[in-house]
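To keep things simple, chains are lettered A, B, C, D and E as they appear, and every chain counts its residues starting from 1.
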């Protein structure tokens, strides 16, 4: 391995990258800071004092748990749907050649390339036309639609890197279509699906706009936050929730990183 | 299709309401007029907050709600659009206690049929920062015309206005006082010239306003953090800011004030009609009217609420909130083209698009 | 006994491309059969037709006397060593080798034992626990071989299995492959575009061009008695003489081939001019200009090499001039 | 070994069962497999999603009854007439300008981060950069936006910091500028712009980094070899090759800016953006036809954009 | 006149890996110089040191008499043809070739004219408008060559430029490259791990192993008089005889090399057993077992080939046995 031909980065690049990262993170540190402020009605800087009580307060607020529960359920189901649809699509696109392939790759990207508000109000007015009442499933419908693409992209990229002859090799060795899927395809695209699934979960978990239009009266975590931020009861509670979400997701993100990185190395080793 | 009897509750009722209208003690434990209702009737109350009358109409048009606390500029539209159903006042025992001035008010009574129960009414006040204004401003000009405020600094960027087309009426009312030659009879009935004058005034206002207020809570925030010192507002914001010890007060300047008189109306396709009727009765019969008028700083539709001790309100409080100013307030109502005062007026849909234009700088 | 593989007028067209065009072919059981030809001549497609990855557009294929059309690859007792090996990156070497057995439901210990035996056969004992990524090219190639052989196929197909290896390793693997094939007695069908490889390894060779077989025969036949100009040219860098030149040199007016190693620089015979020389180690390649046609001579090591520009005379045995007819 | 090899038959029996039969069928008729693979996603995206989108666009040819606010389902171009009124054109132009500026700024900010992560960061540092980009992506969008409100408010953190540094004059003179300025940073287009850039930046970094990782380092060496100084290599080789990644990222930044209505509502001057206009007409005013007509704008723009991006090979970099 | 390239005790270490280890090297102006060696022996690193992509850990490098350390690649009048060509995928062929001129500020028409001339030189006239992706491997290789040559470098570095090409094309390109080098007179430094390529193309060869140069010399010297076992073994598949065997065969107790083509099957001399034969076309390779050591003989075409298992006797010219000393 000699990817490291350039040993040192130019100083200017380091500074620019550092400033960029700082720009990305200072506001997040601020969010963390205000999870500890003693001031509950409005924020003032610097915070008048620090306290841990908001963690307990948050823990004891049933509305937080309700919203969190709904968000987790919505994101999980959306991710499962996106994984299924995205993988099917990726398999069709990369394993076969047919008229309209290009159109399909465009179709998959459309829901994320069009602003969320369009997805939102299209679905909402379609629900109205079809007289479908808002429910858990209307939210999932909206979320899964724009999550498909992240799974699809990851899977297509992995399929592309996966040597085409692997599938033939498996069949050659006596495995039929299903056995090949189970023993060769799945293990090889697994980490890509994991990464895609995580991104899909993240997108769904944090989606405000599409949810606003497809949730009716249900509150997912972001909708709860919107309400809470606009009409604050105990402001730091939102910060506690945001902070906990970041910390809780830290490990899975790291895990996904190492998993997909290894996957790339394996499939890239063909020389 | 008016209901003839109230059956057992369905378990829930969905209400579109103004911010601060339906409290269950979450912001302040003392103000809770929901919990007891839920316990007594088994009807869980779900509230969707709306910020403008237009939002309310849109939500009701879309459906999924049982009740709405509609102001006069929304109620007639809802009735005309057949979004709300006639109310059988016989099923609401406390109907008789309603303020006589409101019982047959034209914004909820059409051809003698009632489309709701009155909820609350009040003025749109001028809220101001008491550190900037040592004395209450006497004219709305502080938010309409560029000037130096008593603290010696310009009002540019330090005042706000309501982000709803109905604010055109505030401008018209201001002109009624200052430009009588325009001949405005009602701020909701404007001919082309009068309308144009109002828009011109609002265009001047646009240069003074940094950000329009759309949400009561965001306005509160702007008064705290963005250096806003004067704006048309609701007593509700004044109350909350005062509770936070912010230096604000409110007044009704010499030009008078527009205001609102809201009605609890029921959706034609209400899924929970029984709970809806139970709520309407509750809204008139319980501590609600009294506590609400304290909480929001406005006037109950049941005058007895000021005095009968069911809630926190007192006779003095009601007077302070303007219970006796009913005739001075010009209540929100939907502008229509066939208007009473001068035959041909600019209809509301133009108010909507033109106000968007004004905010956008046109 | 039926042929190991038999093609009867087999064609495989892709749109307007005739990848395989009315090919008749017979591979005998136990034979080491090479398919040789330039890039795009249809060798791989032929192999894929045998393996079942392609279906013939027309014609009939039999494997050991049984009809193969319509039988999916996983039901053919035929295994393939892929050009890029196609080892499963997520499985270690032992599991790669045991894959076919696993699919057939052979139990865990049993199949690992057999895999280890196969690895021993390809001289990789004890490598079972490694991942394919941790092997060198030659080692991977052997694992691919073991993975195919462990299933005891009736025919083993190899698609340029040595293409990616460097020269030294390639020579070594050539010897090993041949030994293995002879000792196992399995029919090997081997695709290559390297004529040296085909000549040195195969029992018989089919030379492909444009989807058709130009000639089938033993290496000696192919090398010494090419039927066409194409074969003569492609197999060993032979000199192909035009009818005019052949006639000038004393033969009939036919196309002819003349091997570079059969030409001697001599004191008598036709005169030619040296245009270039190139040292090959075991010999020097001398390029001549003979009456406007290019001629290559393999000049044995040791003897003095003429300089470019020198005039030389050339001679050869009568028998070395191989005639291919006027229209080859 | 050789003996048993010769005994077996050349053609083996199938696995049997439904799995075996299905597998054989798929093998024999690949179009059947394709059909099975594509049906679910096409039903979902092609029928439900595109169907809804189409139904929405159809509504732009309806109008609303001006008094009751109910939709009149008769074909008319009236709504488009309304869309083309100057006030609405202002909104469209304003939004496009903002989206373009946000995209350019994101690209400029993203490039060094992506470049460093792709070329220089190794091992642990690579992981740090990855987390550094992913974590902001995972932190609540809304909370981030409100954090910015806190930073930009007149009584906010920036003011506090500049005040401590005695540099308040800097902010004030910027705010005094026409067009970009305003009463405070949080009530100015500058503020809206900053928050947009902040929130969408990770969406730009990831594809740019992916594109840069795919630029073989020997192309950069080849350029240097041919006499190009680092700056020339950047302009002539690196930038063009990273372009698909930048375009892929810009699909996000551009489209997300086009449609967002929350950020300009929280940090901004009450000037409408397309997202807010759609939201207002749909939700506040109940004017679905006009809202639908407004959505046609991003749909058309993104349609053209995607088509160009596809041609530039940006989809591979998404 | 100074050397074209001169290394004085140049080392380049990567951590504990001594990629290039105290190398002394001189390349003469106008020379076709080959670096030959197994994978990982430091050839590429040497080339990169000349191009300026690597800096020596110690030692001194001069290019045409000028110190090279600390001079960035873009300020060296040296150009490289990369192993995988490194053509810019976003530029068409003409712009690729004109890149160096563009960087130097040559105007649009002028540089396109020069690019076209360079393309003509590599026999690709009219290909300017294509994208690199639309070319075959051989064509790309030529574009890379044109792109380097158009800058008229003083030294042209080529890192296994023919590695990715197939046999036929490789032979053709070898001839073309040599002609071009001779006609332009530019110094070529050429890296390969294919001994045949090095022998047939180079004026001089440096054989690398483990970061060190084992021997430098003309192809003939390297081939016929290898200084060490490693060189003998690596250059042409020579037979390397142990001191014991050499002694048995009548020589001194030294390591020796004996070329396969120098051995004759004969009626007298040492007796050996044939273990394998392999048809090479122009000859047959016969593998023998001589007193337990393996020996390869290149048996000329035409003569009868002994079967495996047969006993044969072998003979060679005294001069063919090249002694390398007791410790080679």
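The definition used in the following text is that a contact is a pair of C-beta atoms (placed from the backbone, for glycine too) under 8 Å apart; a residue touches a chain by one contact, two chains touch by 3 or more.
Chain labels with UniProt names: A, D = Spermidine/putrescine ABC transporter permease; C, E = Polyamine ABC transporter ATP-binding protein.
Because the structure is a prediction, the values reported are computed rather than measured.
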Can you tell me the least number of steps between chain B and chain C, where a step is a move to a chain it touches? 2
Going only between touching chains, how few steps reach chain C from chain A? 1
Common contacts of chain A and chain E? C, D
Given the two chain pairs A-B and A-D, which is bridged by the higher number of C-beta pairs in contact? A-D
Of all chains present, which has the mean Cα position farthest from that of chain C? B
Chain C turns onto chain E (C-alpha superposition, degrees, nearest 5) by 180
Please work out the Cα centroid separation of chain B and chain E, and write it as a whole number of Å. 90
Approximately how many whole Å separate the CA-defined centres of chain D and chain E? 51
How many angstrom lie between the CA centroids of chain B and chain D, rounded to a whole number? 39
Which parts of chain C, given as residue numbers and ranges, touch two or more other chains? 72, 74-75, 78
So which stretches of chain D touch two or more other chains? 12, 14, 23-24, 27, 155-156, 221, 282
Shared-interface residues of chain B (touching two or more other chains) are 62, 218, 224-225
Considering only the defined contacts, which chain D positions touch chain A in the complex? 12, 14-15, 19-20, 22-24, 26-27, 30-31, 33-34, 37-38, 40-42, 44-46, 48-53, 55-56, 59, 109-110, 112-113, 115-117, 119-120, 122, 127, 129-144, 146-148, 150-151, 155-157, 160, 198, 201-202, 217, 221, 230, 251-252, 255-256, 258-262, 274-275, 278-279, 282, 288, 291-292, 295, 298-299, 302, 305-306, 310, 315, 318
Once bound in the complex, which stretches of chain D touch chain C? 1-2, 4-6, 8-14, 23-24, 27-28
Which part of chain D faces chain E closely enough to touch in the complex? 216, 218-219, 221-229, 232, 236-237, 240-241, 243
Of chain B, residues touching chain A in the complex: 14, 19, 26-27, 46, 48-49, 62-64, 215, 217-218, 221, 224-225, 244
Touching residues of chain C toward chain D in the complex: what are they? 29, 63-68, 70-72, 74-78, 152-155, 183-186
